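Shared between the two complexes below is chain A, which has chain B as its partner in the first and chain C in the second.
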Partner chain A sequence: MPLANTPTSVPVVVDNEKCIADKGCTVCVDVCPLDVLRISDLTNKAYMAYDECWYCLPCQCDCPTAALTVNIPFLLK
Partner chain B sequence: MSLDKIVDGLTEVDCDVLVIGGGTAGPMAALKAKMKNPNAKVILLEKANVKRSGAISMGMDGLNNAVIPGHATPEQYTREITIANDGIVNQKAVLKYAEQCYSIIQELDKYGIRFQKNENGDFDVKKVHHLGTYVLPMPNGDTVKKALYRQLRRVQLLISNRYIATRLLQGKDGRVAGAIAVNTRTAEFLIVKAKAVILCMGAAGRLGLPASGYLFGTYENAANSGDGYAMAYHAGAKLANLECFQINPLIKDYNGPACAYVAGPFGAYTVNNEDARFIECDYWSGQMMLEFYNELQSGKGPVYLKLNHLHENTISEIESILHKVERPSRGQFHANRGTDYRGNKIEMHVSEIGFCSGHSASGVFVDEFARTTVPGLYAAGDMASVPHSYMLGAFTNGSIAGQHASDFAKDVDFAAYDPEDIARERERVLAPTRREDGIPPNQIEYKTRRFVNDYLQPPKVPQKYRLAQSRFAEVREDMETGMIARNAHELLRALEASSILDCADMAACSSLFRTESRWGLYHLRTDYPGRDDENWFCHTLLGKTDGRMICEKRAVDPYVVPIDDDEKDIYYRQRIEARA
Partner chain C sequence: MAGIFEDTADLDELAEALRSADAGERRVAILALADSGLPDAVPLLASAARDPDSGIRLQAAIALGSFDGAEAADALTKALTDADPAVTRAAAESLAELKDPRNADVILPFVAHPSAFVKEAALRALKELRRPEALKPALDAMRDPNAAVRIQAVGVIGFLKLEESVPALRSAASDSDATVRRAAINALAFSQAPSSSEAIARALDDAEWPVRESAAEALGRSRSGVSAKDALIARLDDEFWQVRLKAIRSLAALKVRAAAIAIAHGLTHPEPNMRKEAAAALGELKASEALAHLERAADDIDADVRKNVRWALSQLG
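Now for the complex of A and B:
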């Protein structure tokens, strides 16, 4: 059976003004236990690539510029 | 798609001691293996990043099982855990933990982790268990991973992050020879030859499906998908008492701890919808969970954790702990719903099932030296069978494993494995990447875990269990012939889906084998509602024999700390009876 893309609202929000991934920072991507964050090829900023979040907060707490906010995923909010 | 592009590659390395899993037990095991023999080459392999991996990713509020001179003795603790676990324990391993954990506390203290003291300078130990006093708060518990990491840097330990181990390598005689791992971002293979391997891969926490339906909304760190249980099984190690599930009382929907271990000593407690207490003790045991479940079934639900009778200063202090460590996002969860501890009680529910000896007793069978039944293979932490061992158990048993494995590795050479094993494993792992279309890992996982909820959640009905086994076999067929992974990240999830399905099969098999009820809700069978000490005062060991999943009995070793007859059932006296 072929695959489809189903939209999902993801809990991690990145403030592109504050994010310094374009200067080489990868802290949030490095620390995530579920490995769901990536740096965008288009914007060079961090974003949540996979909706697989444990809402555990290392990305938010370890971000040097406080650019990340982890929300509670919608299904359990 | 360039994201997580699959790269063809294979690297081989060797070491004396390979530790798999960089959460709690793993870093301690690696550290101790290296300290025991500074010339040894020790590698710590981790699926995520050792800095923030495992159950204590965001730290921990305290030690739940500290045996501190003046407050408790190792014998007392061993007695309590024996009773809490309905007698089915390897006491030697529990006693060894209890004797050694105080020295680990002192060591953690040296690493910069502080433990709460009273005005006299004594450890401020709190009572949460039914009998003894073992809970010690950690005021800077949010720093525990960082403190550990500093120690790993100090001894210049070799760390490989972002590799998921998939199978163990073994020599002809069965002795462990190393492990096969796959990079979670490139799918490149890493073969680690090792003289001894320590598995510290955490709980099987992604087994049942949370009621929210969100696959990653689990109690355990969702990275703990039972890979260690599956790997040990395929290597022929025995797994003990898997039917003694982990089931926890959690904040409904958020699915994390509320947490009565923190709030209880301040005066918080569990109530029903009449605001009345119904359990004597908030310590997480199967018997307590059964009363919790019964209350929800009786029409007296919902069940709540009640703090709103406490003084403002007390509530602020509790908030400063609960919203900072372990699961700090619970503060945001409560705020979203307008829940304030001052005015509102916290709605609780019964969690989905998992395996975790850290809270119950389901784990890879180990002796008092953390040895599994496979020569050269050790296990520690939530996935090893020392019951109710929590974080301090992971540290202490990790330490025991690291030291013993280091000595073991000194005296042996590498076991020779069959290179064909690697070729076969490569084919198995990469099969989902070779398909043009198929079923993505998240759907394989969802279906497995939904069936776990439908059929395996206690009370256990054998007819439902057999249906589960049929459904799991169908999912397995789909997984093996039709699962697709389009990039390295999806391949990581595909490998985890395979571990989850193995754990689901193990949960069904071991639960059907034990034809009695024991451990309260954890193993409550509708067809055998009573405890049957005559036939079932034993461990169940699950293993792979001639490619098949087989269970057998193993006698409980003679106790080293005797239990009086009138003590045996104390944990069954949980319910607060109506008083005249």
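Now for the complex of A and C:
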């Protein structure tokens, strides 16, 4: 899988203000079936490490603080 | 859910985290408590359900749904009157997840609550607990002005499967609200009471097609549904194909061979689902008198219909 070099353009966008990964939450990382989400060593927040997504949405639905948004491509909506 | 929470099942540590000034830490503690699955987590989650932060209360209400027992039920019933509607909705959802019949003792008093939402949630939670004590409050709730409450009351009575509750369900089948009538028809079918078929059959003439659809479907599941076979055959001419489709399905389930030619007319209906069901029903009935109809439908434009027609023809022998 390609590394997500430009995190702003990946499908899973994390609102760092809302993300509580720095408090120990790993829900999005745990539920992702593709294992493409990680907790950043720099910010201690969740981010999309690999640019691959099934748009299955558990990360968005299960996030306790609604910090994740999965931007589904128009043609898949 | 796996991950870091496996290492944080120390309840003292989590209780301490629940007292943190940081809402994020309290939220993570709730997730860890839910993940622990330990019965001792319930009192901690119950206290978190009273947190000043509504987001924390919401998280606690969701987490309590994965536990069971009177303490969880007590915390969730209290959360039904939370100031935040998101918390009350989550509490109602979680309460319905609890399946221990002993929870009924905690939930029953809330059926008489002045709020229609609380009454509805309490009745919904009582439904699958199947406690006979719920019958009287549910019968009282059948007179509630709110249709959502009456629907849940019908559900409680239906799940109890008591012969003495059939008159109440029969009366609900004539409710002013179509959704209540529909729920009553389904409850009557679920009860399998011999005296229920007549009321279900009457609903085949209901003014609302969803009620007629439920009635047509319910008769196929009813042990005495065959007594309403003429009324079901009459529904094959209903103006809504959804009703006709259920009538076809039920007539096949009840093995009403006399309906075969009337069902065969469904093979030329513009709705492919109708043609598909008609073919399947004729196969189930082994209706050799419909052979010509089936042969004409063998080249149907829809692949699913053709498949069912082929199967039906194979059943005729």
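By definition in this document, the second predicted complex is superposed on the first by the 64 of 77 C-alpha atoms of A that agree within 3 Å, B and C clash if a C-alpha of one lies under 4 Å from a C-alpha of the other, contacts with A are read in each partner's own complex, and residues count from 1 in each chain.
Please note the rule applied: a residue touches a chain if its C-beta (ideal position, glycine included) is under 8 Å from a C-beta of that chain, and two chains touch if they have at least 3 such contacts.
In this text, all values refer to a predicted model and were calculated from it rather than measured experimentally.
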First (chain B), second (chain C), both or neither touched by A:Cys53: first
Chain B versus chain C as contact partner of A:Asp30, first or second or both or neither: both
Chain B versus chain C as contact partner of A:Asn71, first or second or both or neither: first
Contacts of A:Ile20 with chain B and chain C, given as first, second, both or neither: second
Per-residue contact with chain A, leading partner among chain C and chain B: B
Chain A positions touched by chain B in one structure and by chain C in the second: 30-31
Touching residues on chain A, where the partner in the complex is chain C: 20, 22-27, 29-31, 64-65
Complex interface listing, chain C residues touching chain A: 1-5, 8, 22, 24-25, 27-28, 30-32, 55, 59
Touch list for chain A against partner chain B, complex: 1-3, 30-35, 38, 41, 49-50, 52-58, 61-62, 70-73, 75-77
Interfacial residue positions of chain B with respect to chain A in the complex: 2-3, 48-49, 51-54, 57-58, 162, 184-185, 210, 212-218, 221-223, 253-255, 327-329, 332-333, 336, 437-440, 484, 489, 492-493
